[in-house]
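Data block below; observations after.
Chain IDs A, B, C and D follow the sequence of writing; residue 1 opens each chain.
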Amino acid sequence: MMKKIRYGMVGGGTGSFIGSIHRAAAALDGCYELVCGAFSSDRERGLESAAALGLPAARSYPDYVAMLAAEAVLPADQRMELVVIVTPNHLHVPVSIAALRAGYHVVCDKPAAMTLAEVRALADVVRDSNRLYALTYTYAGYPMVEEARVRIARGDLGTIRRIDVRYRQGWLSDPIEKDGHRQAGWRTDPAYSGLSCCLGDIGVHAFHLAEHVTGMQVQALSADLATHVAGRRLDDDAGILLRFANGARGTLVASQICCGEENDVSIHVYGDRGGLSWSQNDNESLMLKWPNRPQEIVRMGGPGSSPQALARCRLPAGHHNGYIEAFANHYRAVAGALAQQAISVPVGEINWFPGIEAGVRSLAFIETALANSNGNQKWSEIES
Amino acid sequence: MMKKIRYGMVGGGTGSFIGSIHRAAAALDGCYELVCGAFSSDRERGLESAAALGLPAARSYPDYVAMLAAEAVLPADQRMELVVIVTPNHLHVPVSIAALRAGYHVVCDKPAAMTLAEVRALADVVRDSNRLYALTYTYAGYPMVEEARVRIARGDLGTIRRIDVRYRQGWLSDPIEKDGHRQAGWRTDPAYSGLSCCLGDIGVHAFHLAEHVTGMQVQALSADLATHVAGRRLDDDAGILLRFANGARGTLVASQICCGEENDVSIHVYGDRGGLSWSQNDNESLMLKWPNRPQEIVRMGGPGSSPQALARCRLPAGHHNGYIEAFANHYRAVAGALAQQAISVPVGEINWFPGIEAGVRSLAFIETALANSNGNQKWSEIES
Amino acid sequence: MMKKIRYGMVGGGTGSFIGSIHRAAAALDGCYELVCGAFSSDRERGLESAAALGLPAARSYPDYVAMLAAEAVLPADQRMELVVIVTPNHLHVPVSIAALRAGYHVVCDKPAAMTLAEVRALADVVRDSNRLYALTYTYAGYPMVEEARVRIARGDLGTIRRIDVRYRQGWLSDPIEKDGHRQAGWRTDPAYSGLSCCLGDIGVHAFHLAEHVTGMQVQALSADLATHVAGRRLDDDAGILLRFANGARGTLVASQICCGEENDVSIHVYGDRGGLSWSQNDNESLMLKWPNRPQEIVRMGGPGSSPQALARCRLPAGHHNGYIEAFANHYRAVAGALAQQAISVPVGEINWFPGIEAGVRSLAFIETALANSNGNQKWSEIES
Amino acid sequence: MMKKIRYGMVGGGTGSFIGSIHRAAAALDGCYELVCGAFSSDRERGLESAAALGLPAARSYPDYVAMLAAEAVLPADQRMELVVIVTPNHLHVPVSIAALRAGYHVVCDKPAAMTLAEVRALADVVRDSNRLYALTYTYAGYPMVEEARVRIARGDLGTIRRIDVRYRQGWLSDPIEKDGHRQAGWRTDPAYSGLSCCLGDIGVHAFHLAEHVTGMQVQALSADLATHVAGRRLDDDAGILLRFANGARGTLVASQICCGEENDVSIHVYGDRGGLSWSQNDNESLMLKWPNRPQEIVRMGGPGSSPQALARCRLPAGHHNGYIEAFANHYRAVAGALAQQAISVPVGEINWFPGIEAGVRSLAFIETALANSNGNQKWSEIES
């Protein structure tokens, strides 16, 4: 009989967006069981959330400190094994460090931290912990993003020359943070969100896609961050030029004021032998373009898919997957690692998952972009 | 604390396609708990399936008769409350009737039955049972199919004149049933599938879409069923002309030999004031076309959506849903009904679900189409 | 120095839709020169049209009889060589026969005739005339329709099993013929249009696409024609089941009351080794679907195109062609034939064009569909 | 009787790409007549080209100087009235100036000049000439690009905040200029192409789209030009950050090494009240996205189109237009201006055409981008 992984959640109370996604993703394959939570800093809301999720009040904790302490004294077969962190950004590192030190595995929503210094400290803890640390870069969970990565890694496109990646949304076109919109509130507040709103919330997704899909690192960037909505305290829009170590060039656009857009996430990569593109709006298709033969569409679960991509499909081709399934692929990979008593799975293996290295890169990206955007220097190197 | 609905499953053992979908759909919103099953007629496979699903061997039953008997003597707070039927078609009615008579609610995969006579007998049992009976017409669970239904019901398109619906697949292009393909094996075997392969498997989906989205009934049809693969015992392809009571005309194409197609499901409806279309391949968009203003795209969860469609969304617009989510909407509606101690929810309410009437219509459709296709008469009326 | 083909036009006066298309198509490659016309039965309008087109009044004739007579006495190097017929349908055959008998080549808009008897008589005249007769089935002029034909002819899809073709428009959703709409007026008037409005106007395009692309003939059909707009004298909507000689099945939908549609023309063909589809709304792409390798998109002018399709491209891939270019491909093919003193070019050659055989098939289709639709017999064979 | 505008062409001999486009565009509406040409610096090729185009040898000139001199002494009713310049870039200004000074109107392909100094000198001549000067920025001729411009000009999107424009091709992915590819040869040769290959060939199209559609000027830019193909003498790839005077931000990507791309031209514009996008690959649709109502698609010639966009359509909605038609819209506008004895038509009028101002802006853009790309300064202002 399969044993489910018992997890506790920090954050994600009633009305949270990302908390419910994590729970649905964990539930999808039947490998996880939510056993406790510190769902909210508001004690009433925390208790309500726990009740709504079918948890006993005894395992609804007022905060993560209490949770870690209380769980530690439970019998080993009841105690949580893994902490899922879906709080605003300011708690990502404190909770991660406390959980890892207390011996729990950690799944944390992105970004990994508020600052580069903070994430480096966390990386040290991860390395010393002998515990698993996973960072949910959602889009890397899509089967056809994996197919794109595999294709480039095996050289189908030849030497990569150009990468254009974007993530455009419209939900922050108006100052909704002033109208009590909870999600907008903390994301535009430096105390909860960090140094950047737009880059921390969606720019890191685009950055991760660019580095992850190509297997290459951005060496230098030139950034233009803007705050279009009057009175907003953090940026809501970014255009960035990218230079990769091999001479490839690219652009990254991340914006939350693209009025009318939902989640316009896409990546286009061009090598000297072919090009590919993927867009979240048709997430089940990977477009391949060639100089000397017809364009191809590799379909999720369809012929031509790599084993790595097929491992991320739950349904036969033509039965559509979505965001939760992409998210769930990270949870499935984490479950697979734990089943084999592994605490990491390198990219390239079947069912790998993003870890702390991706987190460090993202914070290095954010800080470099901010510094560059505020200065007059053309290029700034990313060091991580 | 929320109480989960305890369900038992008949069919759906390891390697089953639709069983895993039902389980994922039931799990998605956290409202159901699988407590027992008669997963396979092969006892070993049944036990393995149960173990893989985390069930104790004691609640893995050899068949549905044993399951109904054994569960009946369990304490009320452990006993299953609902039976999910995901067997081949030949067992749909026997299990449904036995379960309803034993006092359980039923969720059954389509088609409801093998024959019209059989489904009529079941309908009588449903009516007398005071128990809920739900039939999972998947596509009706998609939010934008619901939006289409709402738009037509409120008259946006005016009087409906033309409906073209199709469901094209390619998976039965070759005689894979002869190579031990389990899904193909039973679907092409009259003893397990019924009178028709193509209509029973996918034609009923198209038929249900046509009647459900328009709120109109097909009055007469003229059908051309074919078996393209040599040696196959049932049809694998159908083209059908439709006439509706109000004078509207239409076509229904269902085919399993459309080589290279995954699940090309779509519906186009035209009234005297506008037209709409929906396709599973872009399931989050409802296209609206007008004679005197620009085309519109209503997006899942986006502005312009009706409350009924919004009730079928789990995520903000732009976070993509798929097949499991559509399926899960039926489970969510069933859970909602049971929470209110209702055994049915009429179409038009928030969170309705398809019931036995849809099942009767579909079998009437299949039998009428078969008789017509075999004869020389142009039109045959559907009586149900 | 290249000699341009001198042509006269019958019909196509100011305000005509199709006349201006023919002129633009003829002009596109610089192979034709309009030298005279009988543009309108209204003498004033005819003279105005000629003036607007830069023709001297002397070569603006009151009718085709006068045109044929007057041109006959002009010097051979000024006299028209070819007659383009863009009148309402009732004049197609009389003008064609008179022109052919007077020794002129003919390019005629579809349909070729009002009735099957009439087109058969014309076919005899064509055969005896030693003159070229071309029928402008526009869609066959699109490069990617030619690519589809080539692919099927060379067996890429294997044995064809299913063909679904459609042409849906919305422009006749309202009785605009009663409001003085010229195009709608004659098309819905049996005296000018013939036995059918919808089939004669657009159904024949769909029928021609089906037979032309597959290289197969429809053997029998079962039709349902309807007139949805009250008071209209001819049909405006049709759904038809098709049976081909080799056992392939299909549907043809042609409708002018699909409110909000512009020209939704598409064809889907499935064989036992693959499928393809083409849609006018993305006319530069031919979609190929395979059971065992990724989908392909052959692009107009791009890699993988056949020589026959490339011969229909004017621009490098990525510079978009449209309706006029498709039309112009017929004119180019006619010019090519005349340059080689050929009066026909069989389908399959580079730069063939549709001729009288396609015209006969279309009228046989219309009459068979009408008879079938009016009767109770399931299937009617098309004899031509 | 309509008088056609007599034009002579400089460049555009047999095998030229853009020369044949200009001729087809001029021919499309029947307003122009090609009367002479200096088609090639190769005398034989020039004579052959003239013959193929149906011109007498006497009006096939060895070069533009000879053409201007010879035409000047022809009778006024035979002499050309307008010079069309389709040479490589190095001759654009010399021919333009000579033609204007000789009293001819000029239609010139983009870019207007090799350098900013050169185009400024030309601008002076244009201003003093009392002759019409038109610059064929093709994409501005598309009806739905005009619709985009109109929508933004009238404020539908509110204050513009973000503009992303791109033009990606793959045809220069390999060093085809070394294999005798004529088009690639001169475009990558500074002596014929100017300071930049990628920006001069396609970057200026993207830049013009950005400024033209928004009606706003780029104030400053930060550019990263690259040469990816070894041995190439000019750039083949560019990523550029844009800042507009009102605070709007943007990116411009132009690349000729995007392997497998044909002409991926698109623009996305976002204001504080809505967003729009247009792509050449679906040139007949303008996508409009709104925060509070469904997305809209305005279709070429369809409901909701502005008079300005409708004036650029030749066919009813659903009959597809393409590249030649877009090009022809500039020729039609020039013909309209000349018919009214106007030498310019401001943007915003029905049937305006791009003129010398657009040419000056483009060269200012190229020189600023080059200087910035070569330096370490973040931002460079465009002065023109």
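We adopt the following convention: a contact is a pair of C-beta atoms (placed from the backbone, for glycine too) under 8 Å apart; a residue touches a chain by one contact, two chains touch by 3 or more.
These numbers were taken from a predicted model, which means no experiment stands behind them.
S.K.: Based on which chains touch which, give the shortest step count from subunit A to subunit D.
M.R.: Minimum step count, subunit A to subunit D: 1.
S.K.: Is the contact between subunit B and subunit C built from the same residue numbers on each copy (over half shared) or from different ones (under half shared)?
M.R.: Interface between subunit B and subunit C is built from largely the same residues.
S.K.: Could you find the chain whose CA centre sits the greatest distance from that of subunit A?
M.R.: Result for max centroid distance from subunit A is chain C.
S.K.: Quick one: report the Å distance separating subunit B from subunit D, using the average Cα coordinate of each chain.
M.R.: For subunit B versus subunit D, the centre distance works out to 55 Å.
S.K.: Please report how many Å separate the Cα centroid of subunit B from that of subunit C, as a whole number.
M.R.: Once rounded, the distance between the two centres reads 43 Å.
S.K.: Could you give the separation in Å between the centres of subunit C and subunit D, each centre being the mean of its C-alpha atoms?
M.R.: Measuring from centre to centre gives 35 Å for this pair.
S.K.: If you look at subunit B, which of its residues touch at least two other chains?
M.R.: Only 261, 288, 290-291, 295, 299, 302 qualify.
S.K.: Mind pulling up the subunit D residues that touch subunit C in the complex?
M.R.: On the subunit D side, the touching residues are 1-4, 17, 20-21, 23-24, 27-30, 51-56, 169, 171, 261-264, 280-283, 299, 302, 314-325.
S.K.: Within the complex, which stretch of subunit D touches subunit A?
M.R.: Listed in rising order, the residues are 157-158, 161-162, 164, 166, 168, 170, 173-174, 222, 224, 226, 228, 237, 239-243, 247, 249-251, 253, 255, 257-261, 268, 270-275, 288-291, 295, 372, 375-379.
S.K.: Per the contact definition, I'd like the list of subunit D residues that touch subunit B in the complex.
M.R.: Within the complex, subunit D contacts subunit B at residues 288, 290-299, 302-304.
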